[in-house]
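A quick write-up on the structure given underneath.
All chains are identified by letter, namely A, B and C, in their written order; residue positions are counted from 1 within each chain.
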Amino acid sequence: MSLLEVRGITKSFGSLMAVNGVDLALEEGEILGIIGPNGAGKSTLFNVIAGLERPTAGSVTYRGRSIAGLSPDAVCRRGIAKTFQIPQLFPRLTVAENVLVAALYGRGAGLHDARREAREWLVFVGLGEKAQMPAETLSVPERRRADLARVMATGASLILLDENMAGLNQKEVEAAVTLLRGVRARGKSLIVTEHIMGAILGLADRALVLNYGEKIAEGAPADVMRDPAVISAYLGVAYA
Amino acid sequence: MTFLVDLVQTLINGILQGGVYAAAAVGLSLIFGVSGILNAAHGELIMLGAFATYWLFTLYHVDALLTLPISFVLLGALGYALQYFVLNRTLGRPLLLSLLVTFGISLILVNVALRLWSADHRMLRIPYFEHSLVVGPFIIPLSRVVACGVGVGMVAGLSWLLASTRLGRMIRATAQDWEMARLVGVNPRRVYAVTFGLGAGVSGVAGSLVAFYTPVEPYMGLTYTLFAFAVVVLGGLGYTAGVVWGGLALGVAQALTETYLEAGLSLLVAFFLLYLVLRFMPAGIIGKGRLE
Amino acid sequence: MLRRWPTSTDWIALAVFAILLLLPLGIGAYPVRVATVIFMWAALAGSWNLLAGYAGAVDLGPVVYHGLGAFVTAALMLKVGLPFLVSAGLAGVVAMAVAFAVGTPTLRLRGAYFAIGTLALAESAKQLALAWDRLTPIPLTGGSAGISLPLSAGYLVFYYVMLALMGGVTAAALWLRHSKFGYGLRAVGENDRLAEASGVDIHRLKRRLYVGSAFVIALTGGTAGYWLSYINAMEAFNASVTFQMVVMTLLGGLGTPFGPVLGAAFLTLVSEFLGTRFVYHYLIAIGVIIVAISLFAPSGLAGIADLARRRRTQGAM
């Protein structure tokens, strides 16, 4: 049984079909990359899995139990956590407190343990010194890392990373990839959406391509990127 | 047969009142839609408009209908000043702030009015409004017809201004994205001030219209603020033309309550209706409102 | 991590509380009465502060529970013959039940909708209370004439009840700063969508707070009613009660544990000295103060005190 099974997920907003009949499966310990042009439905798919949107049709099963239609906090407590494309924070709480909330409520830890967890995850993502600063003072790349620490502190086994590396330069991307490999080494499974091909090639075990809400390719990242359908989706038919 | 007559008379009363409610609410809707400010002093603008008409008519014998544009200008100027000098500082800050600041303003306005004019209820007696139209078995007071007509006319005029004039386009652009608007040369601070001025002016006229047939007193504002909220929510928050539907719904609901239940419950019905719509149809009865 | 609680502020608060317990022994009846009024408003403002300042939900209808507490307490004392404290306590429980029923749908509203919705409910409740005796066979509210209660023996019991309520609310506010429940509430107040995505059941947390506040607010209503020996629907359910709670919290410092106490003390004292003689001027001044504080000193009196303390410690370094 796969860790996550998504079958026939469709999500329409009025007459716009953002996601149309997408299937995917993720095994424990896997890193899956989802790529596709802007508007392909990647974020919407994530939102459906994380409980932020209700699917119009289809099912989402996590560890054998259906989770479609659960509220976002329930999904989080079950073990799936998502980062935000535009990193979110609790601005006037400290960085440590930002992560603490996730440990208290996502994982359900007691105050003492939760504080310890929060500190550990902050050190893991390299924000240990900023623990007592108000979160709103963090720079954007720091916010991304804080978001990651938060998601780790929820105790989730499945982490959805929504364009976590957007806007990073080459060196920063490499650092992020190393960090995420470390996350997998801790026993987490990841689904990563990205525009940056290099990140996916370096990180993902498997890749899946969405275009106009539909899956158009799936397989090893290198193969998928040579797939003519994928190339024409990104660059136009002339390049296929 | 009398049941039918009563029902239609009730509906007529409700529709006429609804037109005035629409005018009383459109200012609130416009301001909220454009600058995101929930104006707790809205009713006081209406109250001041009512007093403007009262005093102009009583002291200076200005023709009742002529007091309307004067009311518009006076309240419009007040509104512009309020936004420009005070409320522009609340932009970009949480909702509670504008709510509190406008609440403070309402306290000031009510108590200045009390200080100047005491809490006495005053009723206008306008000779040519003493008549009623009699259409078959139905009695339609002239004052209410005129009030409704002018009220709806104002809403229509405002909608036209927003849709078809340059000013209207600037306002709509600023409402959608004030940073973009700035990039194309619009001054958002001025636009917000003009918007508030427009909204206040229209509310002032609504107050003047109401003065034609109801008593005028400093505390009358709160009820109109609540009614205006009700109308705006019923019609759809952020959807300005919806105030017509909201006004109609509120006016008719109240008229029905007064005829078939009892007059004292009309407020209860209004507020409970507001609550139900907020909870179960937050986009308003025709569903075009903005959702939070 | 440092063991954070209790802090030195908490010890000071405890000391002040102890002084207040003994205060009536040393001062006369009039100051005790003024103090009782301050405690009541501190309790009311303090409850409002929790939902609005910590959890970010602007409730414009808490007066409902004040009125409910007043009338249920009166009914239990007059019709069932129960003693005051028992009646008030039961009224509090009734208020909690109503708050649960009302809060469940209403707390799903957010932002402006929640504010308007609660205000609409409160005004509906006021109208309902005014019309109740006319509409139902149970005479409960006395319409616009109101209800008289038996005269109370002394004034000390009210002092201590209100002191207990203020103490309870302030203690809760202090405890919430470093407790799991408190972190959850503040997360909701800072960014409720993010809180939800981090596993916080925002609806349940808000409701718990809402129900708890209803208990306190109802008790203030019941106690104030008995103290004044008279209640009527127009005043007991009046929106001005809510507005005072809001203004006092804002003046004192939204989101701080002692802000409501400071705001309540300040405003009550000002109105004692100015209110009866210059009502309109006083209210105009309050309006100006609200506007000024909202725009220029949104952290209120507590913020100013905090600033002063920080400047002093910086100067010493």
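Methods note: contacts are C-beta pairs under 8 Å (C-beta built on N, C-alpha and C of every residue); 3 or more make two chains touch, one makes a residue touch a chain.
Small disclaimer: the values here were computed from a predicted structure and weren't measured.
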item: Identity of the chain that, by mean CA position, is farthest from chain B; value: A
item: Most centrally placed chain, judged by C-alpha centres; value: C
item: Distance from the mean Cα position of chain C to that of chain B, given in whole angstrom; value: 32
item: Separation of mean Cα positions, chain B and chain A [Å, integer]; value: 48
item: Averaged-CA centre spacing for the pair chain C and chain A, given as whole angstrom; value: 43
item: Sites on chain B touched by chain C in the complex; value: 32, 38, 86, 89-90, 95-97, 99-101, 103-108, 110-112, 114-115, 222, 226, 229-230, 233, 237, 262, 264-265, 267-268, 271-272, 274-275, 278-279, 282, 292
item: Chain A - residues contacting chain C, complex; value: 50, 52, 71-74, 76-77, 81-82, 84, 88-93, 97, 100-102, 104-108, 110-111, 114-116, 119, 150, 154
item: For the chain C and chain A complex, residues of the former touching the latter; value: 1, 178-180, 183-184, 186-187, 190-191, 193-202
item: Residues of chain C touching chain B in the complex; value: 52, 58, 105-106, 108-113, 115-117, 119-121, 123-124, 127-128, 130-131, 134, 239, 243, 246, 250, 254, 280-281, 283-284, 286-291, 294-295, 298
